[in-house]
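A short worksheet on the structure shown next.
By written order: A, B, C, D and E. Residues from 1 in each chain.
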Amino acid sequence: MRITRRVKEILSHYESDNPGTKANLARILMEGKLGGSGKLVILPVDQGFEHGPARSFAPNPAAYDPHYHFQLAIEAGLNAYAAPLGMIEAGADTFAGAIPTILKVNSSNSLATAKDQAVTGSVNDALRLGCAAIGFTIYPGSDEQFEMMEELRELAEEAKSAGLAVVVWSYPRGPVLDKAGETAVDICAYAAHMAALLGAHIIKVKPPTEVVALEAAKKVYEKERIDIATLAKRIEHVVQACFNGKRLVVFSGGEAKDLEGIYAECRAIRDGGGSGSIIGRNTFQRPKDEALAMLGKIIEIYQGKA
Amino acid sequence: MRITRRVKEILSHYESDNPGTKANLARILMEGKLGGSGKLVILPVDQGFEHGPARSFAPNPAAYDPHYHFQLAIEAGLNAYAAPLGMIEAGADTFAGAIPTILKVNSSNSLATAKDQAVTGSVNDALRLGCAAIGFTIYPGSDEQFEMMEELRELAEEAKSAGLAVVVWSYPRGPVLDKAGETAVDICAYAAHMAALLGAHIIKVKPPTEVVALEAAKKVYEKERIDIATLAKRIEHVVQACFNGKRLVVFSGGEAKDLEGIYAECRAIRDGGGSGSIIGRNTFQRPKDEALAMLGKIIEIYQGKA
Amino acid sequence: MRITRRVKEILSHYESDNPGTKANLARILMEGKLGGSGKLVILPVDQGFEHGPARSFAPNPAAYDPHYHFQLAIEAGLNAYAAPLGMIEAGADTFAGAIPTILKVNSSNSLATAKDQAVTGSVNDALRLGCAAIGFTIYPGSDEQFEMMEELRELAEEAKSAGLAVVVWSYPRGPVLDKAGETAVDICAYAAHMAALLGAHIIKVKPPTEVVALEAAKKVYEKERIDIATLAKRIEHVVQACFNGKRLVVFSGGEAKDLEGIYAECRAIRDGGGSGSIIGRNTFQRPKDEALAMLGKIIEIYQGKA
Amino acid sequence: MRITRRVKEILSHYESDNPGTKANLARILMEGKLGGSGKLVILPVDQGFEHGPARSFAPNPAAYDPHYHFQLAIEAGLNAYAAPLGMIEAGADTFAGAIPTILKVNSSNSLATAKDQAVTGSVNDALRLGCAAIGFTIYPGSDEQFEMMEELRELAEEAKSAGLAVVVWSYPRGPVLDKAGETAVDICAYAAHMAALLGAHIIKVKPPTEVVALEAAKKVYEKERIDIATLAKRIEHVVQACFNGKRLVVFSGGEAKDLEGIYAECRAIRDGGGSGSIIGRNTFQRPKDEALAMLGKIIEIYQGKA
Amino acid sequence: MRITRRVKEILSHYESDNPGTKANLARILMEGKLGGSGKLVILPVDQGFEHGPARSFAPNPAAYDPHYHFQLAIEAGLNAYAAPLGMIEAGADTFAGAIPTILKVNSSNSLATAKDQAVTGSVNDALRLGCAAIGFTIYPGSDEQFEMMEELRELAEEAKSAGLAVVVWSYPRGPVLDKAGETAVDICAYAAHMAALLGAHIIKVKPPTEVVALEAAKKVYEKERIDIATLAKRIEHVVQACFNGKRLVVFSGGEAKDLEGIYAECRAIRDGGGSGSIIGRNTFQRPKDEALAMLGKIIEIYQGKA
């Protein structure tokens, strides 16, 4: 595999990582239809844990089978597939080497009242299952945030020393944030920045709204005239918060929505300099041919063709 | 021992497991009168811990003796016997190799106010006692759920690397669930799915009622017209939630009830594609000959003969 | 030392233990005037921790000296001497090999408000001090019960693998139990059963009263007509709860009382099939000659001579 | 590099440290324009974690790039650069050996409600990134203070045995202190002293005000006529609290303020015998040429030239 | 060094300790003007942590320098010097071998609201700094007491196996004790006894008042007519609680007081059979010549000359 100049440039920003970790980042960046472009589309399937099996898979019952998702990601030409332990275990052998996998090593569920997650996988699991990376969610602002960050710290140190990459889902919540605050632009940028400071290689945040949540931030956004009028500009702001673009940052698709809405969001991510999309429910809850068509279109958007 | 085609097929779904773990799953699946059929009947005796000795064994005082249960499981031709540390220790030598045992490594009791269990056994215990698997209870939805899942994670990783199988009792409870919610069909399916995601080889849940507990789930069950009208259909739904049937799922018998009630339940489990029954109080609280007759009948049901 | 048939029979019930642990159980069972009979009288001196030095030793000031208790247990021909770290350290060399010792590895005190104990000794301590066993208290039903059981689990696993025996003090308390409930017959039997399930070799509980504390238990005691009318019958019930007599169970003496009360209790323990007494304050708070006379009488009771 | 007499004298006060740690202290003390003088100016960039990226870097967007801060510290001729994991990782290779770095191994953020920080880096991280020291914040007086001190203890022991230096940010807060109390002179001196007792090599506190917060302290300050009338005298008092000047103590710049205010503060630190400044927001939030001019002036102050 | 008969006798009571620990106890007992007598005067300097630097050292500013305290203890001919990590580190090399040191490995401060301490040193620290012992404070009766005892247990086991001695400061407090109760004679004796049970070699408690705090104890003190009328008699009672004098017990000086008060207290400690004094504020807060004169007099008292 000949690593492209763009991917080499991206890898050069991860200057403290060992060759193993860089190789795994390269595996992800060189995979699929966007391979080599520096753009990423990742399929995450942790919805079964978060919302339960029926809410996740009943709209498209083929998706109850863990093989379905491997297959979907491969056929669509995505960069990677991310899922919790059981889902990866159930296809690790059949699809060995067929697509980079990201083991999601903590998980929450809809029965929980605490804003926390359980650690449900390990670096050893990721290694024995042939994964390229571990994935970990933090909830900055929650009462459990420091403990979650400390869990991440330990797992990330171990992952890096084992040559794995580290993907961080950074979803703010907790006592100082209301619902609107969780996706406010200052909060999304802050969440992305914290993930970068914690040593993430790939950062996942939600697309930011034009809300500014914190009073102290509001003054700065106004004084410095930070442009947050369009989604593309807000994406640009988040990218800047990721070490001025030196860290890969992808955006989640959020709730199922119509196709035009999805495409518009992807164009804004692209135009704002985001690294790509991590999109779950909007793919596997559609019939496979529709999902493939949609993913094809999204890839074209990131290729600048649509 | 010649492994049957059906068992080989089941084992093929555990594609990430090492030969040791597959061998122990095979030991359980090939044991007893249902050996080779892919169906399972397991005797669990953790009632002494859960409800105390008199409530558990006074109706049939022979059952105070730990040997009784080994003997019962063997005579009945069951697949495995599951119990806490002391019960297994008390018969491990006499019945060495006579029947696969599952060391239940956490336990609760009727004096507890917290919805939690104590870890009361280890993987080393399971190995020194010749067990084929460890068993672990999680209470999804309880305030302690994340800690329980993390305990399971550690024990399961260690068990798998030592070639043991992992059986998970998944019993939802906690602040968002009322009594009816604990056995609601969406909740049972969710509980089974979480156990699968956590890497369980064999999943134990309660037979689901036709209640749907969570509002967000209700909409999906209605919209997608999920058939939950009969127990068999609900079992089918739970089986689907177990990676579309790629994980073994057995159902507990619950409180002592009349024979016809038990047989009807087993037929529904069979008809819904469930892997079998794990049935405690309904066996050892009856006189041994009655218990053997009942278990014989249950086995016939799973054999499709009754 | 020629192990008696009775002791061999008892040892045969500990079928999962290694020869080291069996040898230490044999050391205890073969020691003293009851040696070889299968009956036990043990001297426990943790009163200083529980109630303070003056309340424990002022009635017989010679007992302030740790050597006193070793000497008393040896002269009386008891089976073993149990005490916390400092007490054992202070005599471990002088009395090396003179009597089996049990290192009490957790302790509470009268200044505590939590129903918990501190771990105050280790298996390494027990080994370096030449002990035959560790002793550990659990409070089933307390808010800390699961943590205590988990501490016991770890220490017991380590002790067993090092060839030591494990003695468990099982004293129920906590939110669901009032004062009378703590010694209720259902609760004592439950406490003894849990200790057995946790892997104890020797179980210590309080003599049960005829109270039945839990509503759910009451129904069973009545329906199954469990005879709890006399102390001997209640002891028998507790013995049954200890794996139908396959685990040694000894009963504490409780508060200082008159001699006839003590003797009557011992006769009931004997008649109910209990393994013996563990008796502290009633011994060391009397002048030594009186204590020796009393212990001589108790031993005769267990020998069936009084 | 020829170590100056002044630096040798300072190193002689760290009499229990191994040559590795002394060498790293010497690296910091011999670096930059103040190299060899025993005075220090350090650039700390943890504002992104504490206040978010926009509040930290929008006033000078070049500072979004982690390389900017390495470059600024080098060009200004500072002694060291301190930052959290991600910031150091992003420049560790490009600037390897170019300036001593201090890995800040715990961090808080503006979304937190607890007065605590998350451990976000390790001694291994510091070693693999070529750092000269670790940095750690304690909040004496907070509800989490003992846990923070215990984390520091473990990290400091490990750091020292690996030949790293330990820098402690000591910022009192918590139930017994109001806002004014956090920078009261008795509290700053106390905070500095605790850091020294915990084994810090370099101590960072805030410049003390003339408030005396604790009643018990007030009596002593009055009775012993401790001179706290000027900032220089208060600095002198804090220096005395650092083992009579045997530990290096630097003072933070606090909120952005005008140049004359900063210079006056530095002169007082110098005149009071403080070891120097650790100054973040006031540098990187200005255009680079202004920041360099300001730092040049500060250095001249510490050189006694301004 | 020829160990005296009296010291050999004392060492004989530590019958479970290894030669390394006995050698370190001997180093302490043979040091200084009281060397060989079995009596001890120890200088403890943890006041800076407990009360802050100004309250501790402003009355005698020379004491801000850690060397001062080593020098004072040496010149006064004391048995040992005890202090937290930073204080010992700052003089460990200059005074290597000059006087036995005790590393105080946990510490509290005046900003704390919890009745707890932070672990601030380790056995490894004590070894690398050449200490003869570790020192640890427990607060029997506090909400954190069990955790503190468990920390002590771990550190003491490690210390003993490394040949160090263990000194325990036992200061009762917490919900069941009012201010007067903390120094009540029953409580001081209880605190000393618990320290002995926890395996302490040297026990430090406060001089007991004639208050009896616990109702249950009051009855015993009256019934057994325990003489607590004079301080000497109360000391005698505490000594008895320390394994009938088989453990060394020293008494703290408490708040600064006049010389006659101090001397009277020391005479009572001597007359009651106490092992000596551990006296901090009353020494280092006086001018050095006064402190030396006072310590000379105290030593004469313990020598029976004054």
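Operating definition for what follows: a contact is a pair of C-beta atoms (placed from the backbone, for glycine too) under 8 Å apart; a residue touches a chain by one contact, two chains touch by 3 or more.
Being a predicted model, the structure only gives us computed values, none of them experimental.
J.: Could you name all chains that are in contact with chain C and with chain E at the same time?
T.: none
J.: Considering only chains that satisfy the touch condition with chain A, which of them also satisfy it with chain E?
T.: Looking at chain E and chain A together, the chains touching each of them are D.
J.: Compare the two sides of the chain D and chain E interface and say whether they are made mostly of the same residue numbers, over half shared, or of different ones.
T.: Because under half of the interface numbers appear in both copies, chain E and chain D meet with different residues.
J.: For chain C and chain D, what's the span in angstrom between their mean Cα positions?
T.: 58
J.: Which integer distance in Å separates the CA centroid of chain B from that of chain C?
T.: About 36 Å separates the centre of chain B from that of chain C.
J.: Name the residues of chain B that each touch 2 or more other chains.
T.: Touching at least two other chains: none.
J.: Could you walk the ring starting from chain A, turning first toward chain B, and list the chains encountered?
T.: Listed round the ring from chain A, with chain B adjacent next, the chains are A, B, C, E, D.
J.: For the complex, give me every residue of chain A touching chain D.
T.: Going by the criterion above, the answer is residues 13-17, 140-141, 143, 145-147, 149-150, 153, 157, 161, 172, 174-177, 186-187, 189-190, 193-194, 196-200, 214, 216-217, 220-221, 224, 226, 237, 240-241, 243-244, 246-247.
J.: Where on chain C is chain E touching in the complex?
T.: Listed in rising order, the residues are 48-49, 51-55, 58-59, 61, 64-66, 84-94, 107, 109-114, 116-122, 124-125, 128-129.
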